[in-house]
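Right after this note come the structures.
Shared chain: chain A. Partners: chain B in the first complex, chain C in the second.
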Partner chain A sequence: MSLPHFEYFAPRTIEEAVALLAGAGGRARPFAGGTDLLPRLQSGLVRAETLVDLKRIPELCAIGFDPASGLTIGAAVRLADLLDSPDVQRRYPAMTDAVSQTATVQIRNMGTIAGNVCNGSPCADSVPVLIARLAHLALMSPRGERLLPIGDFFKGPGETALEPDELLVRIHVPPPPPYTGFAFAKLPARTASDISAVNVGVMVARQGGVCGEARIVLGAVGPVPLRAHQAELRLAGATLGARLLEEVGRLAASETRPIDDLRASAAYRRDMAAVLVRRALVVAATRAGLAVADAAPAGDATGASE
Partner chain B sequence: MPHVIRLQVNGDRYEVAIEPWRTLNEVLREDLGLTGTKHGCGQGDCGACTVLLDGRSVLSCLTLAVSADGGDVRTVEGLAQGRERLHPIQEAFIAGGAIQCGYCTPGMEISALHLLRRRPRPTEAEIRAGLAGNLCRCTGYAKIVAAIQAASARMSDEPG
Partner chain C sequence: MSQKPCIGVNVPRVDAWDKATGTAQYTDDLSLPGMLHGALKRSPLPHARIRAIDTSRARALPGVKAVITSADLPRVRYGNWRFSPNTQDEYALAVDKVRFVGDPVAAVAAVDRDTAIEALDLIQVDFEELPGLFDLDAAMAEGAPRIHEETAGNVSVTREIDYGDLAAGFARADYVRDDVYLMPPVSHAYLEPCSSLAQADSLGRITLWTSTQTPYIVQCLLASVLGLRENEVRVIKPYVGGGFGGKMELRSWDVCAAFLARLLGKPVKFTQTRDEEICAGRRRHPMRLRSRVGFTKDGLLLAKELIVHLDGGAYNSMGPTATFLVGNLGAMLYRYPAYRYRGFHVYTNNPPAGAMRGFGAPQAFFVAEGQMNEASADLGIDPIDIRLKNAMHPGDKIRGFATIGSCAFTECLERVAEMSEWRRQRREMRPGRGIGVGCYSFVTGGNFNWFDTKYPFSAAEVRAYADGAVHLLTMAADIGQGSDTVLQQILAEDLGLRLADVTLYAADTSLSPKGDLGTWASRVTFMVGNAILDATRQIKEELFKVVALKFDTNVVHSFECKDGMVRVKGRPEKAVPFGEAVAMVQSLRRGEPLIARGSYTPRDMGLVAPTYSFGAQVAEVEVDRDTGRVRVTRIHTAHDCGRPLNPQAVEGQVEGCVQMGLGYALTEELVMRQGRTLNASFLDYKIPGALDMPGIDSVCVGGPEPKGPFGAKESGEGPVSPTAPAIAEAVWHATGYRARRLPITAEQVLRHLETNPTANDDRRVKP
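For the complex of A and B:
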């Protein structure tokens, strides 16, 4: 591989990085893992005169947890760092499930969750759970910082709400609400390391013995990750059972807008969306402490192999 | 404009002046003469270029050398600790016939080292997951998995 020529800066502060990016008038790119950016630079899909390396900015390399404000993930935090974080392991198991099934060991040792978000890919594995978690993105520009709900960030395949002079600096994930369970499930095109043909992130809240609020997010079945609102409403106040979850899975699948591509046909994606939603809901309900009548055991539900 | 970077590779210190668009793979192979690390797909799919950077397995073809400034790199040339004996992973690959054309071997062995440091006694499923980022064009996976199991048993007996 031979890369096109560019200038390289490794600032030590967020302010410096933002000034470098804004000063380049759209001809500079932030750079952290490089696992997506470098192949795109090589193929000419992305052009950049300047790369601004974020990995030397201590604040951007930090993961923080506070019971009141939740989890804070800096933009240069690698996927492997998240997997190694005791706070993430203990309190955000669905994020661990999603990240551990993303790409390969080497890519997880290099790539960042912020990069996974900013690529704007409809099939990014870390995104459905972040949406189900109601995460916020801290976007910094010379005009200041704004907090955007991650659900409002995706505009189309590869298109996001990020302004040309803005840098994603942190991802905020609220603290785990009581009596809730989250889950992730994915159908890779071939093996666990593959890009998803369908992925889902769900939340189930327990209200007494029934399901309270529920959230269902599906990836790779539309131009952006989608919420299945009708399926969510069907769950609210319901007693969970195998037949209901079948129905909710089919309802969620009917809310998707998949396409045919090299990874799967639209019809197969829709069928598998129903299956993954049902399986993920069983795991999330179990994690919320909610029984599911007549359901298959949660153990085989995520397809997690690691 | 060239950047002067410092690298520690297999315990040796280097200072090199490089252009920022050069990859760690290019600098290891072309500037330092360490051609054990291979260049395969150049896109992060095959794992032939895998090296340890600060203890983590990374793809040297997608790592800018300039961004590795100050880093500690271990390549296949640094697996064996002395000239007398190969590393237990290398011995197991040879004894088990886990090498066919050999092009994937340096990356496979570095990935195996990364895995065994974190999980000294991995299950077969953990070995396969740990090697998911390394492709063998000869498809000799069964013997590679068996070699890593053998190396795991040896290394647990005699750490180091």
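For the complex of A and C:
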């Protein structure tokens, strides 16, 4: 199929972009890297008469870091830019892990993290860590700006809390809390560079010698990225060991709702959720400075590397 | 001064610069003034009668110039197997019936591509759906509907091979295996989708630029369909971005482009989308293979019975050859004293399968090598040792169809064992890792004249000029394998010239000498190379005469072309520069240029091929026992391709084969449901990428093949077969899991490990 005809705008300010979206009465789409949008337009999965390019808006192209407020990522920041950012490299290693395993070099040079989020795919690789990080999304519309916790953003496959005239302008990631470790793990479905069959973002907070608060977010195993609350609760206050992590992994897996598709069966996804959770927790615990008794080193096949 | 040799040395590909810089023009890059764009309306149903087609709304769309259906086209069926006209079962546009999802029913020509595609949706086809047959058993079942009226039982081709005393062999056997293997359909996944551009002159003669491996076949069949004489069709092959067997037939879009160009008096171009390529392009045959082999307890082969059902899909395409080749290849590699083969090519309502790299061999050897590996484990004989016991040797005969020429299979096995430190690694590898071996043999060219050509199988014209330049004209089709480079090397070497002295004009049927059957069966270097040597022999004869005359040489002397000179052997002072010698010949001929035509046709060389390549490959894998994921960490190959004329090109072919074999083993499969291909994009059809590639060592083993040009055999297809069985064996070594179907998925391995968590660790030496 061929790409349908559309009008293309490249505004220079957020206001102009929002006005264009609002003026199109739901028939416009923000256009970041286009790596999701263009294939979907071409295959007819998405319809749009107007594309509003975000890449010429200088404000949206910035990455900022402030020790008090954390990391701010503009909506036109490309995945590759994030990997190049010293602040991200130094303070948000799990984000680097996630973004470096998102797509390929070529796609990362075009695609944005905001696009990865707004696409609403349950298997988006940058999302689990953003959720574990309690990121907030700054959404702008003619009615003004609102700040939404990213955990409330996903409504279903391809469905988000975005209003048709709303633009994600920034992603806020809180500063790294002390004594915590984050980690990401991905099982690419078939080849080394493939969409995730399962992905996981976790946080472990250290409280003395035990685990304090923990967060576990799983992608590609439900209609939206999921928090494994029961597994998180099991970790709170626990001394980490291989047996416990096995149990937590299984618990997390039982909280998933995967489907069978061409990439993997539901049963395999569920089993792999347990493995990835376990492996990611080992990495996160190590980053938080917590020892895990009898744990096997995290395998690199899942990307749960330090 | 002596020149560098052109043969046996690494020569950069002549097309490398154009391809790397993007200046190479592929068919879809071509554009002619006034050119129209075509698109095909394809069947959404796997099996249906066409009650009526209404094209009026499509024709009314502004920008649409014509819409055609089978009613407009001459009713001529075509197919590559001209030798058996009853196998020619395809029309360019479906007549009365569609037989697979994607069967073309109508074609549009419009001012641009978007309009052409828009028009497709306006074509209304009134279908009456028929029951679809999607698997072998359903298609062969008693009373199954016929997919083609003429073919009762839906078996379109059968092939039988019998030799030796099978019953006696099995009776003597201490150990018999009887296994069924299922092989999946996979895509060629060539990067350049098919494209063709047709232009008609005022008399209706056609020039067709098309992405093909077989210009001559396209020329002949297109002429027959259009009711033209063969020589009123000119086929030009521009740069081709890979074919792997998928571009060796006349295709619907070639016919529609040419027909519409004649009808409208304007050039028309059709280019396939990836979706069309994956859903409706050719594919490697899915097969069910049942193989029974008998061994003595010492591991000697006694008998083999191979029964193969090929799911050919809706049309024969190259299926008849596949049916022959699996049977032939099933008897290769090892000495089988008795052999029985039954091959059945079955029509189904799946998309048609065709030729694909290694044609028949990946399936035949996955089975043969898999069984060899299983036998080795059960008999307690090392996998390499059991192969050495049974290996073919030079001069071996397979009754009725083949005589083995040069064969360094034993050396390949020994060498690959050395390269991979096989014996140590096999014993000592730590749990979770595995090492396995797979072997192969392949034809170097095909002897069987299934196209029923009336010309030589290959031809070359060499034109030598007084300025020292030489032109080579041939129909050989370089589709990325590098034949343009190696053919120039052969010519330059034989005339003692430099590569820069040679210019190649290839694959234009109006300029190239007739004929050439094209690029398949690893035939080009061997056959066209031999045709070139036939031509240069004639050129040299003329040149030697004038040099003899000039120096009044003694009759016992002989001559040579070397270092840019034509000279008396052993008398370097008696030499004439090449161009000067040509000028002398030309002058003696009162101006007639020095041109020679050479050809090659294999005769008296059996039914299959003039000669065969051999090789052995070892794969090392690492299995993640928690996820079942297999990572191939290293591949070692020892390949007998005769003499490697351009070693780095051979290495490139071996590595490309590994990439394909890796996909076949682990990630590739066209997922089918009721005749529909579900994974019709590279997002869902996964070929291995750079990150998946293991380190690869490859070496060439063996001496020159006497029948080959400068001793060469094949290297482009054989090495595609061993990778999957070698990986499968390595996975078994690591986990105890035996794959008898492909691809080997992580989930299969994981499920096996759940029930056998320490399987196979006990086979190793305890650390």
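Just so it is clear, the second predicted complex is superposed on the first by the 296 of 306 C-alpha atoms of A that agree within 3 Å, B and C clash if a C-alpha of one lies under 4 Å from a C-alpha of the other, contacts with A are read in each partner's own complex, and residues count from 1 in each chain.
Please note the rule applied: a residue touches a chain if its C-beta (ideal position, glycine included) is under 8 Å from a C-beta of that chain, and two chains touch if they have at least 3 such contacts.
Everything quoted here is computed from the prediction, not taken from an experiment.
Shared-chain residue A:T35: touches chain B; no touch with chain C. Using the contact criterion defined above for the overlaid structures, shared-chain residue A:E16 touches neither chain B nor chain C, since it reaches no partner.
Look at A:V275: by the touch rule set out above, it reaches chain C but stays clear of chain B.
In the superposition on chain A, A:K55 makes contact with chain B only, not with chain C. Within the superposed three-chain model, A:Q106 lies in touch with chain B and out of touch with chain C [touch as defined at top]. In the superposed model, A:S193 makes contact with both chain B and chain C. Annotation: chain A residues 1, 5, 104, 191-193 touch chain B in one complex and chain C in the other.
Partner chain A is touched in their complex by these residues of chain B: 1, 3, 19-23, 39, 42-44, 47, 50, 56-59, 61-64, 66-67, 69, 111, 114-115, 125-126, 129-130, 132-133. Interface residues of chain A, counted against chain B in their complex, comprise 1, 3-8, 10, 31, 34-35, 38-39, 42, 51, 53, 55, 80, 103-107, 109-110, 191-193, 305-306. By the touch rule above, chain C contacts chain A in their complex via residues 113-114, 117, 273, 275, 624, 626-627, 629, 631, 666-667, 671, 678-679, 683-684, 686-689, 691-692, 745-747, 750.
Listing the residues of chain A that touch chain C in their complex gives 1-2, 5, 104, 187, 189-195, 262-265, 267-268, 271-272, 275, 279, 299, 301-302.
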